[in-house]
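Structure in structure tokens, see below.
To keep things simple, chains are lettered A, B, C, D and E as they appear, and every chain counts its residues starting from 1.
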Amino acid sequence: MPAQDERELRIVGFLCNWCSYGGADTAGVARFTQPTDLRIIRVPCSGRIDPLFVVRALLNGADGVLVSGCHPRDCHYAEGNFYARRRLEMLKRFLPITGIDERRFEYTWVSASEGQRWQHVVTEFTRRIHELGPAQSFNPATQEEWFNLALNEASKGEACACHGS
Amino acid sequence: MRIGVFICHCGSNIAGTVDCESVAELASGFPEVVYSTDSMYTCSEPGQEGIITAIHEQKLDGVVVASCTPRMHEPTFRRAVERAGLNRYMFEMANIREHVSWIGKDKEHNTNKAADLVLMAVEKLRRNRPLVPKSFETIKRVLVIGGGVAGIQAALDCADGGLDVVMVERDQSIGGKMAKLDKTFPTIDCSSCVLGPKMVDIAQHEKITLHTCAEIEAVSGYVGNFSVTIRRRATYVDWTKCTGCGVCTEKCPSKRSPDVFNEFMGTTTAINIPFPQAIPKKAAINPATCTMIQKGKCGVCAKVCPVGCIDYEQQDELINVDVGAIVVATGYDLFDWHKYPQYGEGRYPDVITSLQYERLLSASGPTGGHIKRPSDGKEPKNVVFIQCVGSRDRSVDRPYCSGFCCMYTAKQAILTKDHIPDSQSYVFYMDIRAPGKGYDEFTRRAMEEYGAQYVRGRVAMIYPHGEQLMVRGADTLAGTQVEVPADLVVLATGVEAAQGAVKLGETLRVVPDQYGFFVESHPKLKPVETNTAGVYLAGACQGPKDIPTSVGQGSAAAAKALGLLSKERLESDPAVSKVNLSRCVGCQKCIGTCPFGAIKAITDRQGKLKAEVIETVCQGCGICTVTCPQGAIQLEHFTDNQILAEVNALCPPKMNASFE
Amino acid sequence: MSQLEELKAAIRGHLDSLDCVIGWEQGYDPLHATPLFIRNESDLERLSISPLAVHNPATYATGFAGKKIGMVVRGCHSRSIIELLNEKLIERENVVLFGLCCDGVVSQRKIRTALPADPGFVEAVEIGDDALHITLAGEKTTIKLQDVLADKCRICAYPDPLLADVLIGNKHDSRPEETLACQEAFEAKPNAEKFTFWQDTMSRCIRCYACRNVCPMCVCQDYCIAASRDPLWMSQENSPAENFMFQMIHVSHLTGRCTECGECERACPVDIPLMLLRRYMNKQVQEVFGHQAGTSLDKTPPLLTFQVEEARIKERDW
Amino acid sequence: MNIIDLTAADCDFQAEVASRSGQDLKTCYQCGNCTAGCPYTFAYDVPVSQIMRLIQAGQRETVLNSKSLWLCASCQSCTTRCPNSIDVAKVMDVCRHMARENGCVSERTSKLFTDAFLQSVEKHGRAFELGLMATYTMKSGRFFDNIALGPPALLHNKLSLKPHSIQGKEQVARIFERFRKGE
Amino acid sequence: MAKIAYYPGCSGQSTSLEYDLSTRAVCRALGIELVDIEDWSCCGSTPAHTVNHVLSAALSARNLALVEQQGMDTVTTPCPSCLSNLRTAAHKMEDASFRDQANALLDTPCTTKIETLSVLQVIAEQVDAETIRAKVVRPLTGLKVACYYGCIMNRPPALMQFDNHENPMAMDKLMGLLGAEVVPYPLKVECCGASFGVPRVDIVTRLAGKLLDAGRDLDADAFVTACPLCQMNLDMRQGQINTALKENFRIPIFYYTQLLGYALGIDDKELKFNKLCVNPRPVFKKLSELKEAAQAG
């Protein structure tokens, strides 16, 4: 469903089935109003979330990616979120070198009972993404841009950033 | 593929803020969707029939239902598609109620979002494949960990139901906390008269094997097929010979052993049978205080034992047993009240815990059932009870209510009056929590019939005042400070997770909460199940509980175990990881990260190392799939391709369309 | 005895018990070296260990699974070997390491820029203590070694092999203080500039996978997820985003494992400064886990383990 | 006795005390431990636990006019023993600040003593006890409260007869000056 | 032993001159070098924080800034009230916005965190027991003392981070080292009435009276204190207490540094026993009688 209302931005959520997906359900059951931008992908555990899913989403043009799992120590599978925490932290720290604003990606912990917290997380994250605005596309959008890129490179020759200074 | 999409109105729950008809119409344009419709209540009987009919008529081989959360009705719809002859994994759900209609009112946005979620489900479904569970045999034996009242009940129910039971108890005797109690509320029944016969049943039941002085060393395997190692501590007494005659305990010259059973109110002998009704009634030596074991001198017990069962060289023993299910009933411990320096940190002997007071009240206790205060053996007249010591107190990280202290305090106030008619009890409380049958009436009796003075407020400090203890507290109802010169102060110490619970949790793969209580599978609907299949909880190991609740849970856990093992064979969830052997390079990283030991290394025909998943052990978390750089191990039903399909559905990759 | 002779003697002593010893020899011209797979005495004679000998022999290690091999390793190469050992991808008893205390290797790219004309084919190279004398089209140019030292060598913290069965040369007693100004400058750039930089750079990537193939830590062999249908992580389309996706896969799989040997960047035919990504990730790994890949034996890569309380991962408030 | 209209609670008051003290007042569950330990309860008109309750109930006037605020010595018993880790002494302090700002002084002598003390510090840089006692006695008119202390104090040279002025006393005076300007 | 900055506090200049002098003498004897803060000013005491927390912190911070300027990072004070104020100021100023507010009132801002310790803590933690025991020349053998710490020496525990906050033992241990018999005094941290002696003397007579009463119950020969205000309330006001409560207390109230100094053999002139209102002579008489009896026996 690519066609989107222009007021809405594209936010992808990866939620573990046992805690955060349940937390989002709890928020729904309690009718906690939330912005509609977020679309949730359900995975069994935050340990199933490959940081590359996040990268894939961002390179595909997602404006924001939110990951949420069980609180540390509360993982349904005992250890999944411990691995997730390391993997996702490294991704978050790595993003700046790519020029992708690391604020577009966030990970957090929400338990199945924390409906209110889920509402807060979604609202805050959506607000943050709207502040950042739509993400720039990594691929050039038009033919003209494409040629500009190519020309630019051709003129640079051996323009390795490491040898510049 | 031929996919059918069903959009549920859920009455007005969804249709109120989502244009379900448009969603259905949009969905008809999604890839491989050949049938798309909307219905009022998809989960209802006619709704399910509608799906089944459509599967038959439209020759569907995959179904998407957009309705409520899959945590609610996924099993329902899976059964429905299965009835129509589809594999239950050829089904996907889009959650357009909890995640859409209930959280926003903007119909246009909601409709868009609902359509997106349906598209994601369709894209995922296109990559689903039928999965078939494997079946395996079960072992008709249950392990019960903990021999308190909850464990006893679970063991007896399982054994009566025809299962073999192995009971493991850390202490020398079963009976747990209840065996230490004098009377029970609200009926003032004698605790050991009620519990004693059940303890004897455990000893005599032909289907029950009891190991005391024993702990769980290791657990492996999976539901229906656990393999357990039990460590039995050396007791230095050959229990196959010991008759429990007690001669050794009479003659033992080392009389300064801490008396654990009597809550350290006094001392006992180094060789000891903890109490007259102990099960098993066997003697054991405390190696820390036995002079023979410590210094190699003495040997009196060996000399006097009529059956020659003393063995100073005895070693710990490891026992292996295979079981199909495990009941955890490890109970609780008491809060260490020394964390409150204002109550004297143990400097004042006449400040004791409620469980110590039980021992003073008990006819089998150190004072023979006469209330004598520890400092000088005098009978107290003013007895102060302080509630919530280590309960409902965030400053000591115990914010929870321990549940039953209000009740036993009322009981103890009543018993105090029974024992010492001219005594006066004062109870400092914050709120009286008495929600059980006959409970509130009981606390009222303590006040009305037995004259206990209930004072609403905490106690700030206790300090010695002559031969008495000055208790300074507040009466918040009167809005003032109050002081009571007390002869004895009894602290209603709160409930804590049993020592070692966290470690046991690791062994069993049962998650403890932040306070060390084991977490149940669902707080309402699965109160005795855990997230590890085949492991059940009973009693206070899950949270503070009084006796009837613990017994009820013991029976509930037994019912679960009986139900599980009543099946000859069990089916495993096929949504587990699977190794693509040709992609696997044998780096074994997945083996290291699997929390369940569900992956093992094998050698293929060419002699190359490969990974293999033990399907029955795998719990389906997918940690391995992310670990594997080649993507060789994939979690079925949540494969990389399935998740990527959802990502790509949401954020379609921008191709170089401009060149075309 | 020169270091080369010393090394040859050491290898000779092991040659019988090894299936192969990996070193370097002169390549298509005197300016270029190429890996040498020594199986007999005559192979051994061709061994060269000049600063032109840059290739990381560890790259070939997993390919010799089940065989016993020797490798001539510099400091950074030894780190790769240690990391492979730690990940149990090779076995210690199957490798004999001939360690070289290394004073750095050259960057062909820098030489190319330092030479007056396109090198094409050089006639002769003389290697002095601190300079290269290159004869090109009859003309001799002298280049200071220091000026053409590879970037990784300028900041190398481990010039001496951290693991070796035989050690040749003198150990270094200090580490260079130097930092790479260009790296810091790049990191400090605003996001938009960095983003454009990678867009530009990735538009010239030809997805030849040289960076992957030469990487000693890329052990997926023929099963790289960048080139598979199941799982299908990326299309084969040559677009900046897909090219960058591939680089992100590489970075992701190297998290906590990259030993900074610099082979990826060296091998890149279109001069993509991949080490910018590598060094940045390694810095993060160092900061969060205190981990440097391949610097000590028996260390688990940080993403394959965890701690219940992560001292240096701060939970963000919500 | 006053009947409190709960819907007319002064929520701003509650919020102001909470923000100025940095304490989460909602966590007080009225266990009374502060009152139980407070040595001054006998002198208070409103026990400290009820002050906490009245703040929760938004009873600005009652709280700010209570004598208790002026009789709290900040001895920290309440803070130390609060099961919810509320810094109760700080809450009392903040209420006293607010009472002062609102001109609610129900224990005049306490305030006079405080004022006399600070005046002395402002003037000399250090507290000059004899001087501040003189100021206090003049202003309070309470000539006889501590008359009994005269002989022992003088006999044992307890009070220095001269103020210990310091070189930086202007610096100290400027602290007060800037403080008043900022207020 | 390291040098440490020294903040005597205003009362050390007048009402508790003997505390200041004995503190200096004892520290000298134990090898603790005290460096006076030049031109120190009042910390604000209780009155300042009852008026405003920023004002209070600024008055304290002026002194912390002086410590900083003298190139030191730790200051010690005998007075618990000063201790509490200085520690509170330093703690609050860890918050940047509060620090800016407080510094805005100062001529010279305080930029680093200065640690404040009580002299009692310095002695308890930096001088080992054996050193003290070895230096005792006039043991207090047979003297029954009650150690009274006052309400803010150890409280609130999160701020003070010293000793057990309900049952502090630092002075008990110290007096024990000197040979004294330390009675298990139960009201070690109960408030004595603080500065209410001036505006509400009735409060002080009641609270301090209770403290004396508890000491008498335990048969204590003397009180040992660490706080000028406590000492004054118990000592100078003992007559007032007797009048108000119709009692007849005659319990000498020492500063712990006085008794420590005495035991270490420091000249009485530096310990100023003559400043005490309740005559301490019976204590010394008892000591010498006990000593004679011991020698005779």
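By definition in this document, a residue touches a chain if its C-beta (ideal position, glycine included) is under 8 Å from a C-beta of that chain, and two chains touch if they have at least 3 such contacts.
These figures come from a predicted structure and were not determined experimentally.
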For this session: Give the chains in contact with both subunit A and subunit D, ordered by label.
Result: B
Problem set entry | Which of B-C and A-C has more C-beta contact pairs | A-C
For this session: Report the most central chain, judged by the distance from each chain's C-alpha mean to the global C-alpha mean.
Result: B
For this session: Just grab the chain with the largest centre-to-centre distance to subunit C, centres being mean Cα coordinates.
Result: D
Seminar exercise, completed: Averaging C-alpha coordinates per chain, one finds the centres of subunit B and subunit E separated by a number of Å equal to 52
Problem set entry | Separation of mean Cα positions, subunit E and subunit D [Å, integer] | 23
Exercise. Quick one: subunit C and subunit E, Cα centre-to-centre, how many Å?
Worked result: 67
Problem set entry | subunit B, residues touching no fewer than two other chains | 342, 461, 593, 627, 640, 644, 653-656
Exercise. On subunit D, where are the residues touching two or more other chains?
Worked result: 42, 77
For this session: Could you list which residues of subunit C touch at least two other chains?
Result: 233, 239, 241, 303
Problem set entry | Contact pairs between chains, per stated definition | A-B, A-C, B-C, B-D, B-E, D-E
For this session: Within their complex, state which residues of subunit E touch subunit B.
Result: 164-167, 184, 186-187, 217
Seminar exercise, completed: The residues of subunit E that touch subunit D in their complex are 10-11, 13-15, 17, 39-42, 44-55, 58-59, 62, 104-107, 151-152, 155-157, 165-166, 189-191, 193-203, 206-207, 232, 236-237, 239-240, 243, 274-277
Exercise. Quick one: in the complex, what on subunit A touches subunit B?
Worked result: 1-2, 4-5, 8, 10, 12, 17-18, 21-22, 24-25, 27-29, 31-36, 39-45, 47-50, 53, 56-57, 59-62, 73-80, 83, 87, 113, 119, 137-143, 146
Exercise. Quick one: in the complex, what on subunit A touches subunit C?
Worked result: 50-52, 55-56, 59-60, 72-73, 79, 82-83, 85-87, 89-91, 93-94, 96-101, 106, 108-109, 117, 120-121, 124, 136-140, 146, 149-150, 152-153, 156, 158-165
Problem set entry | Residue ranges of subunit C in contact with subunit A within the complex | 109-110, 112-113, 151, 180-183, 185-187, 191-204, 233-234, 239-241, 244-245, 248-249, 251-252, 255-256, 265, 271-273, 275-277, 280-281, 284-285, 287-289, 302-303, 306-308, 310, 313, 315-316, 318
